[in-house]
Every structure is written in C-alpha cells, then in structure tokens.
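Next up: some structures, all given as structure tokens.
Heads up, the next two complexes both have subunit A, just with different partners, subunit B and then subunit C.
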Partner chain A sequence: MNMKKNIIKRLVQFIPVLIGITFLTFSLMYISPSNPASVKASAGGITPSKEVVEEIKEEMGLNRPFLVQYVSWLGNLAKGDMGSSYITDEPVIDKLMVALPYTLKMAFLSMAITLIFSVPLGVYMAAHKGGIVDFLLRIFAFIGNALPNFIIGIFLLYLCSYKLGLIPVLSTGGWIGVILPSLTLALVMSTRYIRQIRAATLDELSKDYVIGLRARGISEHNILFKNVLKNIMVTVITLTGISIGSLLGGTVVVEMIFNWPGLGHLVMEAIGKRDYPIVQGFVVWLSVAFMLVNLLTDISYTWFNPKIKEI
Partner chain B sequence: MENYRDEILRVENIVAGYGNMPIVRDISFNLKKGEILGIVGESGCGKSTLIKAVSRINGLNTDILGGKIFFEGQDLTKISNEDKRRLLGNDISMIFQNPEASLNHSRKIGIQFTETIRSHRDMSKEEIRCRIGEIFESIGLTDVDRILNSYPFELSGGMAQRVAIALAMVLKPKLILADEPTSALDTTIQKQVIDELLALREKFNTTMVVITHNIGVVSKLANYTGVMYGGRLVEYGETEKVLKEPIHPYTKALLGAVPKLGGELPVGLAGRPPKFHELKDGCAFCKRCAYAKEECECFDNKVTQVESNHRVICLREA
Partner chain C sequence: MDRLKKLNIPKSLWILGTIIIILIILSLLSDFLVPYDPYETCPEHVLQPPSSHHLLGTDAHGRDILSRIIVGSKTSIFSAFALIALAAGIGTTVGLLGGYFGGKVDTVLMRVTDVFLAFPDMVLAIAVAGILGGGLVNAMIAILATTWTQYARLARSSTIAIKEETFIQAAKLSGCSNMRIMLRHILPNIGGPLIVTATLHVSGMMMGIAGLSFLGLGVKVPQAEWGSMISEGKKFLQTSPWVALAPSIVMVLVIMVFNLFGDKLRDILDPKSAEK
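Showing the complex of A and B:
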C-alpha cells in the first residue's frame, strides 16, 4: 500500500531530475565551439558558403535564444519526439531503437554470466578462505581488476576468433556475435564482484548469528545457502544495480572493438560528428534507465532485508 | 556405576585459550543429570573462555590445549565435526551473552525454529508447532503465532532474549551452557530468566553450566559454585558451602563486595585481575590478597580437597 505510494512518488521525482540533466547537457552543447549548422551543411562533403550555413541555421531554429531552444526541445520530448539527426535526418528515437536491442542483449548476457560465476565463487572462496581455490582466484581477480577491458577484449578476440576460429572476428549482430563482447565485460565485472562477494560473505560469516547457527547444529551448507546467502544479496543487488545502469548506456570501448552496433557505438559516432540531437536523446535514455534501475534496486532490498520496509 | 550413568558432563584438567596462549588452566568438574554449576568471577577471569572451550563450537576461536571433556562418556575434544554438529542444538545447547544476536535477523523466527528442529529430528509440521508451543509456554511466552511470524528485531529485547532461550531449549537438550544469560537484561527480566531456567530443570532435568558475575544468580540457581580467578577454578564446592563458608580469600572478597539491603555500600577489592600475558608462576591472586605471604609467589597452584565436595587452590590450605 505504502509501497505503491512511494513508487509513484519516486517516479514523479524523475521529472525534475530529468529536466536538470537535459538542461545541463543542452547548455554544454550550446557553448561547445562547433556549429551544428555547418556540420549539417558540410554533411554532403563540400565546404558550404556562409549564406548557406546561415540559412540552415535559421531553418534549424538555432538563431533563437538558448532558453527558447531548450524549452521547445523539452516540449517535443514530452510528446515523444526527440528531434532528428543532423546528419541523416532520421528521427533520433528510431536510431536509438535500432541500437537499443543490441545493448540490452549484451547488458543482460554479460550481467547473467557475471552473476552465475561470481556469486558461487565468491561464497566458495569465503567458505574455504586460505585454500588453493581462494588463492588462485584472488590472483585472477587481482590481475583482472588491473587490466583494462579493451586488453581483455582484444585478447579474447585473438584467442577465440583468430587462433581457434570459433567465432567470426566481425560481428554479425546475432547471438554468436554477442558472446565475445559479453564475455569481455563479464570477465572484468566478475573480478570486482568476486572480491566484493567474498568480502561480504566473510563479513557475514564473522557475525554472531553464524556462531548461533553452529550452536544449534545447523550444517555448514545450510548456514551458507539458507542464511548467509540471503544476507549478502543486498551487496549483490547494489553491485548489480550500478553495473546494469552503466551497461544500459552501452559500453563504448567494447562495442568499438567488437563492432557491436549498440548504443555506445551510436553515441560515439554521434559525438564525433557533432550530431547533438542523438547525444541529447542518449542522455535522456541513460538518465531514465539509471533512475529506473535505482528504483528497482531499492525495491528489491525490501525482499532481502526485512528491516528495510520502505524505499 | 549407577552414579556414572547419570553423569552428563565431566571436564578433566582442561587447559584452553586462544592460539597457543592458555587462558584457563587445570579446570576439572563433573555434573550429573539435573545439576547446575554456577561459575563466578570478575570480568577477565576466563569464565567465558572456559564455556566457549567446553562448547567446542567452531568459529569461537578457543583452542583446547590440554585435558579432556566428556559428554555422556564421549570425548568432545576428539569428536568429528559432523558428530559435533549432531550434538550441538540437540543434546548440548548454548545460551549466549547476548542471545538475541544468535538469531538471524533477516529470517522469521518460525523458520529458524523449524530449521533447528529439522537439522536434528524428522518431525512433521504439526509436531514442530506443538513442540514450539510447549516450550514457549514453559518459559512464559504467549502469542506463539505472532512471535513465530515476526522477525527478531520486531520483538522487544526481553522477548527476543526469551525466544533465543526457547530456541536453545526446543529439542530439550541434556546440557545447557549459558554465558551470562542475564547480564544484558534489566532486573525484572533477569528474575524471569532465572525462574525459567529453574523451571526447565524441574521439567526436563537439564544439566547446566551458568557463567555469571552475579552472586545472587548463583545462590538462587546453582547446586555447585565455582569461583574463577586468573584462569583457575580457585574454589569449587556445593553452593551452600562456598557462599556460607568461603575459604579462598578471593571468594571472601567477592562475597564481601556484594551490597546488602539496608547496609552500607561495600568497598570493592582494590586492583584488577591480572592480564593473562602477565601471569607468572605462583598464586595469581597474591598481589591483591590480604593474607599473601612471600611463598605465595612460588605456589604451585595445587588443589586442596577441603571436604569431599569442596576444594580450593590456596597455599594457606595446602
């Protein structure tokens, strides 16, 4: 009951945050030195004359005062129209919608791989602290943490595509193509997750209630999987929430390496070409995605920690 | 032979501590069915270490460095982890200094009871519910369904304490180890808990070792009283004897420090118990003892049997 009210309240709070974020990015693009009109005019490959640029500028409404431009953009956004690309004239929303499924595919696959491996491994390492598996995985996690993801990406590409020939080097956008980029992201994330989950489990295992469980003759298996696991889920969810948020924005470097046509790829290109409506549309998507993920994270805390009753 | 069959716990010359550092030394006692031993002493005398060592619960970090612990004739110092798990919670239960903390705060109390019971017995839902009701009633908890449906943090402190005690009792263990079960409670609840422990002994003939620094608790509860100082059981005997005719100067000082109704506030014993790493040979108490002589510093801490069931570690009696 209260929960429903709180969720609605949080959703309403999205609006001012969204206005703030878009206002900031809009201003930043407004003061940036490049001129969208000349970008658009020169899209054909010829240097345009001053008059042509001026004409296009007028046509695009760029001569209007800053606030008028922003408010008109905001008004269009409220109607679901994010404007059109300066370069191709395609609606921004269409371009985002083409890239989004690719990003979602990669985000969820990499997240799933990460969780499937790091939760059991982190818990296992904590339960067998100081053992050989713990030792080896800690080295792995340490190295993985120190390596940037493009190194891992290139290495995987070299190994799986070039040496073993399992996966085509150039992605076709299908399910085969999503494996390597997801694996790259998952490897990098797992190194961080494993360490954090191991630490959270160790922390949990040192608590009094674990001694209490042992004093009641509960088996170590049940202590770990029925008691401790539930309590470390809050840590897992926090980590997942943060990761999902940034994954939904696409991952520029990995998408570039694997030529994966997701949002990161799209926005990188748009920035390079000063295609501001696309950048602006991307910012809107990213803010909404982040806020939604945060809301879901907060809601799911209440499932695992009964002390948290409200969000 | 008859007596031996009734024996529940026998502790023989236990030396225990953390790592290689002995804290408690040469502790021996044995308890029969239904007997309660109270162990008193100031903070830092090794009381908690002793009970933790006896419980043999993994994760308490107490190591047995010597001696033996027999539970119904089975040596607990040589037992496998799985055999130990089967005993703990079933035949041997522990009540902690802060019992509430022994509950998992993210699971409902009912589940925690079921989990404990199912870890040891094959009981149906109805039998479990019935057993919980019986235990709750015996320690004065009404409102069984509401409690079972609550999380531990939703109960008041005293109620959570009793729930934790009920959880320790639910399988009717033969031995309860209680580490200051009352010190975290206010006086009215303290009395209730003592009454409950006594009621449990009446009903189930439970043997108990109760650690406390409250002489009143011991006099009300215990058949036997052990006084600990510097990690040794400096005086041990029937409660009546130890409290009425104390022999060891430390026991006398401890009893002298108990305030009496209508009397003046007693002066406590000067000084503090020795830190374990400063302990040298000789009597640990001699620095604070009114009767100390030079020989006390090289006393070999020999146990003197004063009467059949009353012994003391003191040079004056040796």
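Showing the complex of A and C:
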C-alpha cells in the first residue's frame, strides 16, 4: 500500500530531526551558567572544595570533548537511560514515569472537555449564523482568545475554590483536583476550536454538494449530521494536532497554579534545584511525543479524506 | 500617503491604532506618570484594598499596584515588540534565503527549522529559560527560539510562490544582484502576510513573557512586570484578590486591543486569510 510507504518515509524523516532535538537539548546543559559537577557536589548542602568538584567532573565524564559526551549520552538515551538526578541520584526515567500519569490524565480530560463543547457549539453557531447564541459565543471566543492560561487558572482558583468553595484549594492528586486544571486548559483551547470549527462548518455549508442535498429536499438536520460533520473532522484533527504542543506547555503553568504533581511540576522543581538531567529528559520526551502525535494526525487525514494521498 | 488613502482604512483601525499609540506613549513615560514610586515598600500599608489613595490597592510589600502596573507595561509591551522584530528578522532572512536559492541551502535551512518546530513551543522556552537561569533577556532568548520558525516558513513559502513571476525574471535579466532582488523585489511583495503575522503575534509574545515570569523564569524580583505580579498575587488570592486580579484585568484588556488591531489589519492586508 502507498500509505505504508508514506509512513515509513515520514519515520525516516524523523531521524535527522530527532538528532537535532537531542543535540539541542544536550547543548542546553553545556551553555548553562552553572557547572553540573558543582551542582552535584553541593547536593548534600555543603559547599564543596575545588578538588571534590574536579573529582566529580572526572567521574561524570565532563572533561571529555563535547561530541564524545553527546554521543555517549545519546547512546544511553537510545537504551532508555536518561541519566540520574543530580540531587537524589534516582534515575530520571523513574521520576518521569511517576509524574507522567498525572499529566496524561489532565491532558486527556482537558482535550475531552474541549471537544465535547466546541464541536457541537461551533457547528450550532454556523447553522444558526447571526443568532443570539452565535453572537454571544463569538464574544466569548474573542475574550477567551485574550486570556493567558495562567490568568484563567488564577481566576478559576479564585472563583471555585475561594469564593464558592466548590473544590479544595490544594489538590490531592485525586479526581476532584484534576477538574480545575483541566478546565483551565480546556477553556484556552475551546476559544480557538469554536472559532475554527464555526469557520470550517460555514465553509462546508456553502459548498455545492450541500446546495445539491438541499435541493433534493434532504433535511438540514441530516445534512449537518450525515455529511458536514464528517467533513469538518479534518479541521478538528488538525486543531487537535496543533494544540497538543501548546497543551503540553500549558500543563506546566497549570500544574504550578494548582499544585498538580505532574511532569510540569517535576520540571519546575528540577529547574529550581538545577537538576538538569530531569529537564533534559522532560524536553526530549515531550518533543518526541509531540512529533508522534503530529505523525498520527497526518495519517488520520488520509483516513477521513481519501483524496489526500501524500502525507 | 496617497497609497494609504487608497487602502480605505476603516475608522475602527484608526481608533485602535490611536489607542495603541497612546499605550506606547504611556508606557514610555511611565516613570513620570506613576502616582507612587513602584518600588517603594511601605510596611504600614501592606495589602490594602483599592481606595482613593491607592486606586488598585497595595501588594504584600505595601507597594502601589497601579504604579507597578503602569511601570510594568513598559517591560511587557517593549519586550514583545523587540521579540517580534528579532523573530521576524531572523525568520524572514532564513525563509527568504531558503526559498530564493532553493537546493542545498534550502534543505539545510529547512532541516534546522524543522528541528526547532519539533519542540512544543512553551516546553522549549521553559527549558531554555530554566537552564539559562531566568532574567528578561534569557526569557526573550527562550521565546525567540520557538517563534522565528513561523516567520521562516511563511517567508519561504511566499518567496517560492513569487520567485517565478515575470517581474523577478525581468530583474534577473537586467542584471540585478541576488541581494537586490531579494530585498527590493521579493521582500516588499511578501511583506503583507508577514506584517499581519507580526501584529497578531504581539499578544502571544506578551503572554509568553508574562507566562515565563509567572513561573519565575522571566524578570527578576523586584522589577515590576505583569506576569510576576500575578504570580506574587496568587499567594494572597484568598485574602486580597486585587493583588492578582488587577494586573490580570489590565493585561487582558491590553491584549484585546492588540488582538483587535491585528484582526482588522489582516482584513485589509491579507483579505484571503481573513475569517468569515
């Protein structure tokens, strides 16, 4: 099949990008103003002597040439070994694995909320263009577009936890705690989704086949649900693919506001302690995940729209 | 000027443009406009609610919030402008070179662009700012690393589209240097969408810098900046919500003005991509 060939081609194209990603991530530590060896040496809380730092530097292989260090780091990475924390000496992968489910839970829930609300609303707005709902939601989308995620988060925290007392302020990592952070992320995404889905539906409704169906007396309801909805799925998928990137970044901010023990929380803590292997692991992981999501998005295009052959 | 008249600029754009210019002037003159010294702490007036003395109240150090918001506008607005100028400059250069020369130059430049595009934007920005150690300049570098790619792609695709036009061929035949063709013939013709993107980007940049500052990776305390003010205010949300809410509301209003301006500008300069 042609499709298989395309997927393989895309996977091959991944390789140089992957090398680039890992190279950049690794160099980040190199350009950092603080020396990893002294961070590690002072993890115990005592300022280390120069000799101790030098010893640790040798032990960590930091005296080797840059490229040698990179290749050995990359080799370990390929085996799934991302090094270990400077502070606690735990493997980075273990720490990431503990935090990952929390972030995934939040990301999935926010994506689900977004889709459940924006697809019907966007389609409804287009079908009843110029109506009161359309008007109000367009204002909502415009205001929402100007709201950064941390402001929405702060506002929801203020409203739901302090004013209304609906949800405990400090999250416990359980299901109740995930609602507000997910809602924050969902609100950020929904504003864009609603606008785009409305535009895509309007676009679709003005096409010849819709006029043809109307002329044959097919009900508006059937046209919307049987034909239009299927065709705007490509837009929905594109949106999903694009927003995964900002969703992953958004989780960091939201996790900090709501004290949610996910990857973002972990990485911010690591940044505070200059625990760079965790930061590197975080960046590499999320970037690879992002690339895979993009690949899946492209593949699913062909599924929804067989006319698209080349991906 | 004649050309401007021909474009038939709607009134709303003039109004929004005027508001933006006023905002810029206000932020430039912010040091003289503030009712109080934004950095002066005052232990007797800690966390006071909004009153006629302090219109937006005071923060945990007794500093006047209104004054801090006004001074913070300079950081937010001008760092956003500087970022866009840099991102657009770098990105357009890369895209123009790649699109114009094609071949190996293009492949190499686009591979580099692909690598930067492969990172989820805020994730890379957080890592770069975190590892470089915060500060406004480092935060700007971090955001720059993730934004220039959009301009590179846009400039490249527009350049490729325009490269084969007859007027470019004519310029080539009449012996114009590559440099001259790129700067005098291609750039002005691909400028429209780039300017629209840049205008629509202002609010995104402001959010990005404020977001990093919110995480403690942007401006250093005690410098007044909206994101860090909101972050500080989070601690007092229960007892003194105005500390966080006042800068939030101002920030949202300013972002809205820039968004509206960008939308209107797009309708004029780039009608094809305008939303219905």
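Everything that follows uses one rule, which is that the second predicted complex is superposed on the first by the 292 of 311 C-alpha atoms of A that agree within 3 Å, B and C clash if a C-alpha of one lies under 4 Å from a C-alpha of the other, contacts with A are read in each partner's own complex, and residues count from 1 in each chain.
The rule is simple: a residue touches a chain if its C-beta (ideal position, glycine included) is under 8 Å from a C-beta of that chain, and two chains touch if they have at least 3 such contacts.
Bear in mind the structure is a predicted one, so any value in this text is a computation, not a measurement.
Put simply, more of the residues of subunit A are touched by C, taking subunit B and subunit C as the two choices. Of the two partner chains, subunit C is the only one that A:148 touches; subunit B does not reach it.
In the superposition on chain A, contact of A:268 is made with subunit C only, not with subunit B. Touch criterion not met for A:108: it reaches neither subunit B nor subunit C. Of the two partner chains, subunit C is the only one that A:202 touches; subunit B does not reach it.
When both complexes are overlaid on chain A, the residue A:214 reaches subunit B alone and has no touch with subunit C.
Contact with subunit C, but none with subunit B, is seen for A:256 once the two complexes are overlaid on the shared chain. Judged by the touch definition given at the top, the superposed model places A:244 against subunit C, while subunit B stays out of reach. Of all the residues in subunit A, the ones that touch subunit C in their complex are 16-17, 20-21, 24-25, 28-29, 31-34, 142-143, 145-151, 154-155, 157-158, 162, 169, 195, 199, 202-203, 244-246, 248-250, 252-253, 256-257, 267-268, 271, 276, 279-280, 282-283, 286-287, 290-291.
Against subunit A, the residues of subunit C that register as touching in their complex are 111-112, 114-115, 118-128, 130-133, 203, 207, 210-211, 214-215, 217, 227, 230-231, 233-234, 237-238, 241, 244-245, 248, 251-252, 255-256, 259, 275-276. By the touch rule above, subunit B contacts subunit A in their complex via residues 55, 57-60, 85-90, 93-94, 96, 98, 101-107, 115-116, 119-120, 151, 153, 164, 167-168.
The touching residues of subunit A, counted against subunit B in their complex, run 205, 207-219, 222, 226-227, 230-231, 304-307.
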